[in-house]
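Common to both upcoming complexes is chain A, partnered first by chain B, then by chain C.
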Partner chain A sequence: MVKKIRVLIAKPGLDGHDRGAKIVARALRDAGMEVVYTGLHQTAEQIVNTAIQEDVDVVGLSLLSGAHMTLFIDVALLLKEKQMDDVLIVGGGIIPQEDVPGLKKAGIAEVFGPGTPVEDIVSYIKKNVKR
Partner chain B sequence: MNNLSTKVIAGDPRSIARLITLVENDAPDAVESMKQVHRYTGQAQIIGVTGVMGSGKSSLIFELALAYRAEGKKVGIIAIDPTSPFSGGALLGDRIRMTDLSTDSGVFIRSMGTRGMMGGLTSSLYDVVEILDAAGMNVILIETVGVGQDEVDIVKIADTTLVVLIPGLGDSVQTIKAGLMEIADIFVVNKADKPGVEQTVAELESMLDLVSYTKYRIPIIATSVKQKKGIQLLISKIAEHQEYLKKSKTFDTRRRQRYEAELIEIIRKRLMSFIFDEKKLKKTVDCCIDQISKKELDPYTAADEILGKILK
Partner chain C sequence: MVEKETIKQIREKRADWEKQKYSKAVQENPERKPKFKNLSDIEIKNLYTPIDIADLRYLKDVGFPGEEPFLRGVHPSLYRGRLWTMRQFAGFGSAEETNKRYHYLLDHGETGLSVAFDYPTLYGYDTDHPLARGEFGKCGVAISSLRDMELLFHGIPLDKITTSMTINGPAAIVWAMYIANAENQGISKEKIGGTIQNDILKEYIAQKSYIFPPEPSMRLIVDTFEYGFKNVPKWNTISISGYHIREAGSTAIQELAFTLGDGIEYVKAAMKRGLSIDDFAPRLSFFFNAHNDFFEEIAKYRAARRIWAREMKKLGAKKPRSLWMRFHTQTAGCSLTAQQPEMNIVRVTMQALAAVLGGTQSLHTNSMDEALALPSEKAVRIALRTQQIIAEESGVTDTVDPLGGSYYIEWLSSKMEEETYRYFDKVERLGGVIPAIEKGFFQREIAESAYRYQKEIDENKRIIVGVNRYKLDEEPSIPILKMDEKGEERQINRLKKLRTERDATKVQKHLQRLRKAAEGDENLMPFILDCIHSYATLGETCDVLREVFGEYKEQAIY
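Moving on, here comes the complex of A and B:
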């Protein structure tokens, strides 16, 4: 039996910048994970449906537009509504420090800002994946 | 019946996804459910889509899925991308072209890594096809990895295999080479909005002219996802091929071949896990490596000795 960590990397909302998301996706791939990347402009519903069908262990959200308090939280709420409580949710992008506690309260387990070494993200996921 | 297989047969997306994960991981829990779903299978039409990387397989599948949805059919999509032989990881990016399908409850898409399997597929694919079939999908579209010339295993699973080519891939000799060019039930020349499409179609036609077809001549369809051209024609050619399969009894032969391949794959996997307890084997192998590097032992003799011990 070979268990692999499956991760969905998603970009919610209107944000055309996915270089960061691609760098993280690549790093997770190199760490032996299976990374589903769905591209830009995803709605919360699309992200959650994808997470269900792909049976991912982790959802990684990336946003640089400033709408994270709405969109990240929408995804977290919808995941909970669909009983996907055992999925680890992490976020990244341009997230002001003062927003982090609110995101964590809403179920985003960790937020990685610019300059985070990708190794930190890899080891966080490996350590905290819930299943 | 266990809970999971009941829910799979009822079409519950979470349970379908869960069981696919279990078979992908070769989890022992999967076996009981797989035994139960088999008798609910056999209804789905299985279409394989293969071709070189960048030929537009994912985009084409998106268009096909939309067309089948318009007919009211439920569609399952299995999109395979390569697993890294170095890290074991994979980047599964086929869904990017299928975004608009992800909120349609009549569509189930699963991305899979090859996980070490050669041939353009993944070793749990037979199981995944059975799961989607049992879950009530009317059409199952399988996208292979971007293939080279000889990854042709898709023919063992699909009822109809589409080989997707694009203009400008080479001269007419390429079309008579063995491998990929032998497996098509339908040739698709995609990206027909690009120059050179007439020449590619003509070269394929003249390749087909080299043999005489009495019953079924492989159609060549030029498609452009960008210009939405050729999709309906392709759909009708797929239907014609299905008709031909059923009339000529080839359908039963193909299904039998699939079950044969599936059964052999299950036996292969079980045998492998039996003799290939990786940790144990690695320990055994390690002992010989020193001797091999010091030339006290050659790799063939070492392999004989190790196999002798295992099979004893």
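Moving on, here comes the complex of A and C:
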């Protein structure tokens, strides 16, 4: 049997917009992945701890408040620090194009903006998951 | 509204038309879809006639603007007398930057202010709190103390301009800052006007900026109702909001039903405290979304007025004003596309038009760039000009409720009302609004609708121009708002300075008094005002209440 891809969908910081995170969580589950959703108001430490405990292959971060340049990067750095380099990190939300190169440099493999079909996210994860 | 005899004739003629004319036309040109449905999944007929509103009695069910059942509006002359308030929701960075934006908007013809706060403020944290990391000024302005409030409204006449503040968990505290700032300028409480959102139920349901559990939250809200009608009579002490429920993915009917249901819950809570309904009800206000389906939105506002008037009467309201469902509208942020963002100007125009045809009291039009970032100056000017064009050029303001009597609009208004009562019954069976929240009922209903909507778009069953049809190979880029990078540092320094300059003993004394009052059952507003006047910060004041009331945590479901 093929091992199911395990994904953590996480909401860092104080942002309460959870529509996108919930839709993506459900779509990934419907696509056969095992999905853990953190719920709201998570610190980077909480997210990384959950990622380790749940032994996930992918961390999906969602933020619509504009704090992505701080909070996404916090999570990416902490994952690296904990030797979780083989975890695929993706992000989504209200993220201007000009912020994307900085996020990628910090280790966020891909950024999905508004209007992305969920199918694109599913296939990206399937293609790029590292473990 | 039509004679029984005539209905019979129309019915026969319609059947005839369906068979002879319509079916032939469809044979030649098949319908574009197997079924035509609006955003609430209501099937739309090919034609509406008097048959569809045969049960409607004009005087009882429709009536005149300014009279029961208020379907056609709460004001007799509506926009012939006074246009709606053009009120753009704005806030970013520090108080100084946002103050500049307010002056810019007022200089360009805006007629009311609306404050967007950043996340730390919404959760009652000062800018230097660890959980505020990365969020300073990002999706609103940071207000940590009365000092910031003074800067935010610098040069703005608080006795002439009304201000709406989107604040919920710490609404009482931020309202106290506004009142204190006015008082310090010599403007008495009776003279200021505006709105605090103060609607915690929809925070649990959709927007999620809650702090305290339901019970103490409801207490704080009733405290503001009571303090308001006694001391700040021109203030709307709540804006019962469907906007965020819709943004979280609900349908128009869910937005309507959940919002009015919340409204009834607040009224009951205030009556339970012993307040008289006709004292506080005239200061209740509402806030709705304007999404893409034009007629559905118009029907929603009209139905809301009729339902509210009926329910308030059932609860014992006697004053006509207590029956008024007055509302603010914001065009749907979730309908904006990051693709070909200029097209959002067109979407916003139609959504704003629906709000005006629905009789809104005030309106915010979104800026075209808001699927990417907070609006630039140019984008917000276009959004404001959109309202001005509708108001001054389109002619839709010349008569009251111009769509009243439309077979389709009247049918749809009644249909949405019917569906709303179905939801009221469901919630009742779950034990009421708060038990339904605790069971995740609303949250699940909304998530379900959001998922269905996304699926329809992904499967090309619902077309969004520029997203799943009429796409461009290369997206045009538009300039994005740049914030002052020094803002956060300035704000933190201001906080530090404030904490050393103020009378610390006085601050502690008032915070202690607030704690004692919170442990008892007195109205907390006077105690909060004392804290704020002594320059206790938002975080310090809120922490006292957090310690007494505890914090709310939701169960994560998707």
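Here is the rule we go by: the second predicted complex is superposed on the first by the 129 of 131 C-alpha atoms of A that agree within 3 Å, B and C clash if a C-alpha of one lies under 4 Å from a C-alpha of the other, contacts with A are read in each partner's own complex, and residues count from 1 in each chain.
To be clear about the criterion, contacts are C-beta pairs under 8 Å (C-beta built on N, C-alpha and C of every residue); 3 or more make two chains touch, one makes a residue touch a chain.
Everything quoted here is computed from the prediction, not taken from an experiment.
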First, second, both or neither for A:Lys3, with chain B first and chain C second: first
Looking at A:Arg26, would you say it contacts chain B, chain C, both, or neither? Reply first, second, both or neither. both
Now for A:Asp55: first (chain B), second (chain C), both, or neither, which partner does it touch? first
Counting only touches as set out at the top, which of chain B and chain C does A:Gly39 meet: first, second, both, neither? both
Give one of first, second, both or neither to describe whether A:Gly113 is in contact with chain B, with chain C, with both, or with none. second
Those residues of chain A which chain B touches in one complex and chain C touches in the other: 25-26, 37-39, 43
Per the touch rule, the chain A residues reaching chain B in their complex are 1-4, 6, 25-26, 28-39, 41-43, 45-46, 49-50, 52-55, 82-83
In the complex, go through chain C and note every residue touching chain A. 119-120, 122-123, 131-135, 138-139, 203, 207-209, 247-249, 334, 336-339, 371-374, 447, 450-451, 454, 457-458, 464, 466-468, 477, 480, 554-556, 558
Chain C touches which residues of chain A in the complex? 9, 13-19, 21-23, 25-27, 37-40, 43, 64-67, 69-71, 74, 94, 96-98, 113-115, 117-119
With touch defined as at the start, can you tell me which chain B residues reach chain A in the complex? 13-14, 16-18, 20-21, 24-28, 83-84, 87-93, 95-96, 99, 102-103, 108-111, 113, 115
